[in-house]
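Below are two complexes that have subunit A in common, paired first with subunit B and then with subunit C.
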Partner chain A sequence: MSESIALEADGLGKRYGANWALRDCTLELPAGSVTALVGPNGAGKTTLLQLACGLSSPTAGTVRVLGLSPQEDAHALLPRVGFVAQEHPLHRSFTIRETLKLGRKLNPGWDDAYARERIERLGLPLGKRIAKLSGGQQAQVALTLALAKRPELLLLDEPVASLDPVARREFLNTIMEAVSEDGVTVVLSSHIIADLQRVCDQLVILSGGRAELVGSIDDILASHRLLTGARGDAEEVARVHAVIRESHTGRQTSLLVRANGHVYDSRWELHEIDLEEIVLAYLGYGRSAEPAPVPIEEAASR
Partner chain B sequence: MTWVAWRQQRTETLITVGILALLAALLLPTGLDMASTYHRNGLAACLGPSASLSCRQAIDDFGARFDSLNSLIAWFTLVPGLIGILLAAPFVLQLEHGTYRLDWTQSITRRRWISGKLGLAIVVGLAASLLFTLLTTWWRTPLVHLEGRMDASVFDSEGTVVFAYTLFGLGLALAAGAVWRRAVPALIVGFTGYFAGRVFVDTWLRQRFIAPVRATWSASGPSPANYRHAWVISEYRSDKVGHPIAPLGACTGSTGAKRIIDPSCIMEKGTGYMHAVYEPASRFWALQGIETAVFGSVALALILFAAVWTNRRAA
Partner chain C sequence: MIAFHLEARSGVPTYLQLVQQVRQAIRLGVLRPGDQLPTVKEVVGSLTINPNTVLKAYRELDREGLVEGRRGIGTFVSDELPTTPPDGVRELRAGLQRWIDRARASGLDDESIEALFADAVRPPAVSRVA
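After this line comes the complex of A and B, so read on.
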């Protein structure tokens, strides 16, 4: 496998008891990309991230991160991957100084100057206890801990879910800085789509434990169209393009399609649609029986 | 990892130090008092098998003064296990709060994290046990001279068993906590299991480690030499043909304030046999060794189980 793939999953599955939290997940995320993992609660986002950082082991299939197995090559891989878990748990009784010391003691590649500089820029006193910090400040400290080990890949599980809009913006700015300055590859899960579009260039839609759509956001936006026309048969369209959602109102039919090339049919009116609507269409669509995800590149290359 | 483990266990270590300090605050003054009473009353001269009447009086006085304190302090035998259970808390709390995920996604492996944390808990537990044993053993020295150290109230807080008790408490709470991932239930399971295990060994198992000595001797004659300071498991008196009879106390009546012993009753009943089942004092270290091995190996198995379970189980 090539070095330019940061995260690669092949038929990846994880079962807890009788339930598959993640099933048959196949995807490749290029190095240097910023990937958004979206989907409703229980879609498998956390499971995928925990498999990628080695916190859990797959039931089926394989996952490789930076060319290594997170489970078998933990020793070699851990210094290269930063992870911020959901609710960004930190040791609440620690001070910020002690939290940074933990980072220094447990990470060979720890960049103490960077960590201190970031904490200073956030205006947080080193002697303050984690328990006394606001949610946004805790998230920033957790992110600092993950970034100061100088990872090549940063995995963030719902990093902004509990943050207010200002803290959310600051947090995402920090991530963008790290991406532009250090070329860090980022995978973050969220269900707030508006934020993601500003930060991410890749999108993975998970639903019911399966990856419904994997691809670059530009390609996804370029290839998805809303077709409206007189109420009628959509079969002809479906023969060429993938119909994601079909709805009928009165005399009108509207189709959300992943276009296979241009849509030339003059009976349909073409509309561009935004990412949120595409995501929602896929999540509604995820309940019907569509098997493996189709790589978007195929649909988008015209 | 050492610093991290230490920082995460700091509170519990300080509580342990606090418990030992409280213990020392109680034991040091009373122990000094007891030792000086022992010397002042010349009890060292009374240790022979045939003590004079004044010696018996002195020993009785000494017992009257310190026995209640001694039986109170026998309860401290629960302390090593409590310390062990307490030291399991940092590990279990991290599983409960999910902060192990933070540690596991730094650059050290899970295995190293587990061994670092459990290793420190074990080291602190053993150090606390050592201080506990030294303190109680020093405190009891005069009483041990007089009464020996085979009785459970003494045996349980001396020698090597204390270390095994501590690890047993630690292992129970760790194993329960690794499976349950909740600190409070783990501590409850730890304490209940510890108490039950100790009672079981004290009252049933210990006397089966080595087959006890069974001896019979004439009630009017001297007891066997190894009966002195022995741990008496059972003892009864019989008449000449071996029928059990009431102990000598049956011959004691009272008229007013004076206790009297009926001589004819003694004449009738006193000339029989004493039967006893006991572990001689010479077996102290053998019994200590076996009990240490029993609790120690159970503790080790529990700690290993907690480590393996935590390492294997998915996040």
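After this line comes the complex of A and C, so read on.
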């Protein structure tokens, strides 16, 4: 697939009453990529996904999906986008067969052979009612509905939140298969960073309605480092690198930085950090609450 | 055939973990010239990882001359691996052994020696902050 852009937001914002659920969001997600949306509840993840599939309209800015506007070109765009909402809502009283029939009636590009093959591979009888399925099975049926549209873009809102570890792995495996075989572009939100580090190649950190960090996960891991050293201030480091988090103990200072090239003062010890630590730092976790106290040596000499 | 594994909580990007495992397997003789690497689909299925990540790892190994992709068949360990001249390695190892003996003689334990080594291997600062 070429390096085209599957989802593009420019100054995108959504206001509900006095609250901005999403604000000034600018990002580009390449076609064929798998993007993780992370952030606390209320950060704007669902809002961004809903704007992208046309379930709501922007208050500010623009969003383009596969080169089209989800609001103005809905008719042309929607058959090309699969969306699985939180809790994967399905009609609980329907059987799987009826659920697939609904999918066939509602979607012009429906691939019935694909849908049946998937259900068969999951070992689910077509006559079984949705209500009788486990959470993991319901999630797989919802995913089958979305994939049988043969979408170019798949949007998933916290798809694995309610699943046990085995069901979660199976669900993600199905998505990775679709990426591998059909080159589907995927955007999914989740709180489980270890999963995201496995399956995603792009990361968007949202906090308070704003995109705090957008980039490739490999680049993000390569550019973030934890610096530890004897107690001192971060000013010199901050002149060159972006200091994301600064914390102090009596004798030690730790700085989590987004590095600007391989430039470090030898007084700092350098540590690689995993994605979860990086995400937590951007979300403000682990910052020293109070201002840095006076270093011990200075205090002693007073 | 090599079986990949992942350190879930690692600061090392996933593609690089795969690259390092192939390099190590070649170094240790677990993978030999002509051996086939798992297909992208197999790695995706067994590790539940992004196919782009596997492709990126294989591209990197190809660029280093360690493997070659054969269209429609798969990815194989190169018949001619770029190697360090054995004499050079032997000499370097002997030098390192002498250094380790000296470190032990001056009272360092293994952990301290490893820490010292890791510190020295770290990429040198290109220029200093401020």
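By our rule, the second predicted complex is superposed on the first by the 281 of 302 C-alpha atoms of A that agree within 3 Å, B and C clash if a C-alpha of one lies under 4 Å from a C-alpha of the other, contacts with A are read in each partner's own complex, and residues count from 1 in each chain.
In the analysis below, contacts are C-beta pairs under 8 Å (C-beta built on N, C-alpha and C of every residue); 3 or more make two chains touch, one makes a residue touch a chain.
Quantities reported herein were computed from a predicted structural model and do not represent experimental measurements.
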{"item": "First, second, both or neither for A:L147, with subunit B first and subunit C second", "value": "neither"}
{"item": "Contacts of A:S93 with subunit B and subunit C, given as first, second, both or neither", "value": "first"}
{"item": "Touching partner for A:L203 - first (subunit B), second (subunit C), both, neither", "value": "neither"}
{"item": "Contacts of A:C53 with subunit B and subunit C, given as first, second, both or neither", "value": "first"}
{"item": "Partner chain in contact with A:A85 - subunit B first, subunit C second, else both or neither", "value": "first"}
{"item": "Partner chain(s) touched by A:S33 [first = subunit B, second = subunit C, both, neither]", "value": "second"}
{"item": "Partner chain(s) touched by A:A167 [first = subunit B, second = subunit C, both, neither]", "value": "neither"}
{"item": "First (subunit B), second (subunit C), both or neither touched by A:K105", "value": "first"}
{"item": "Touching residues on subunit B, where the partner in the complex is subunit A", "value": "1, 3-4, 7-8, 11, 97-99, 101-110, 314-315"}
{"item": "List of subunit C residues in touch with subunit A within their complex", "value": "6, 8-16, 40-41, 44-45, 47-53, 56, 122-123, 125-130"}
{"item": "Of all residues in subunit A, those that touch subunit B in their complex", "value": "14, 16, 50, 53-57, 74-75, 78-79, 81-83, 85, 87, 89-94, 98, 101-103, 105-109, 142, 145-146, 149"}
{"item": "Subunit A - residues contacting subunit C, complex", "value": "32-34, 169, 172-173, 176-177, 179-181, 194, 197-201, 217-218, 221-222, 236-237, 239-241, 261-266, 270-274, 276"}
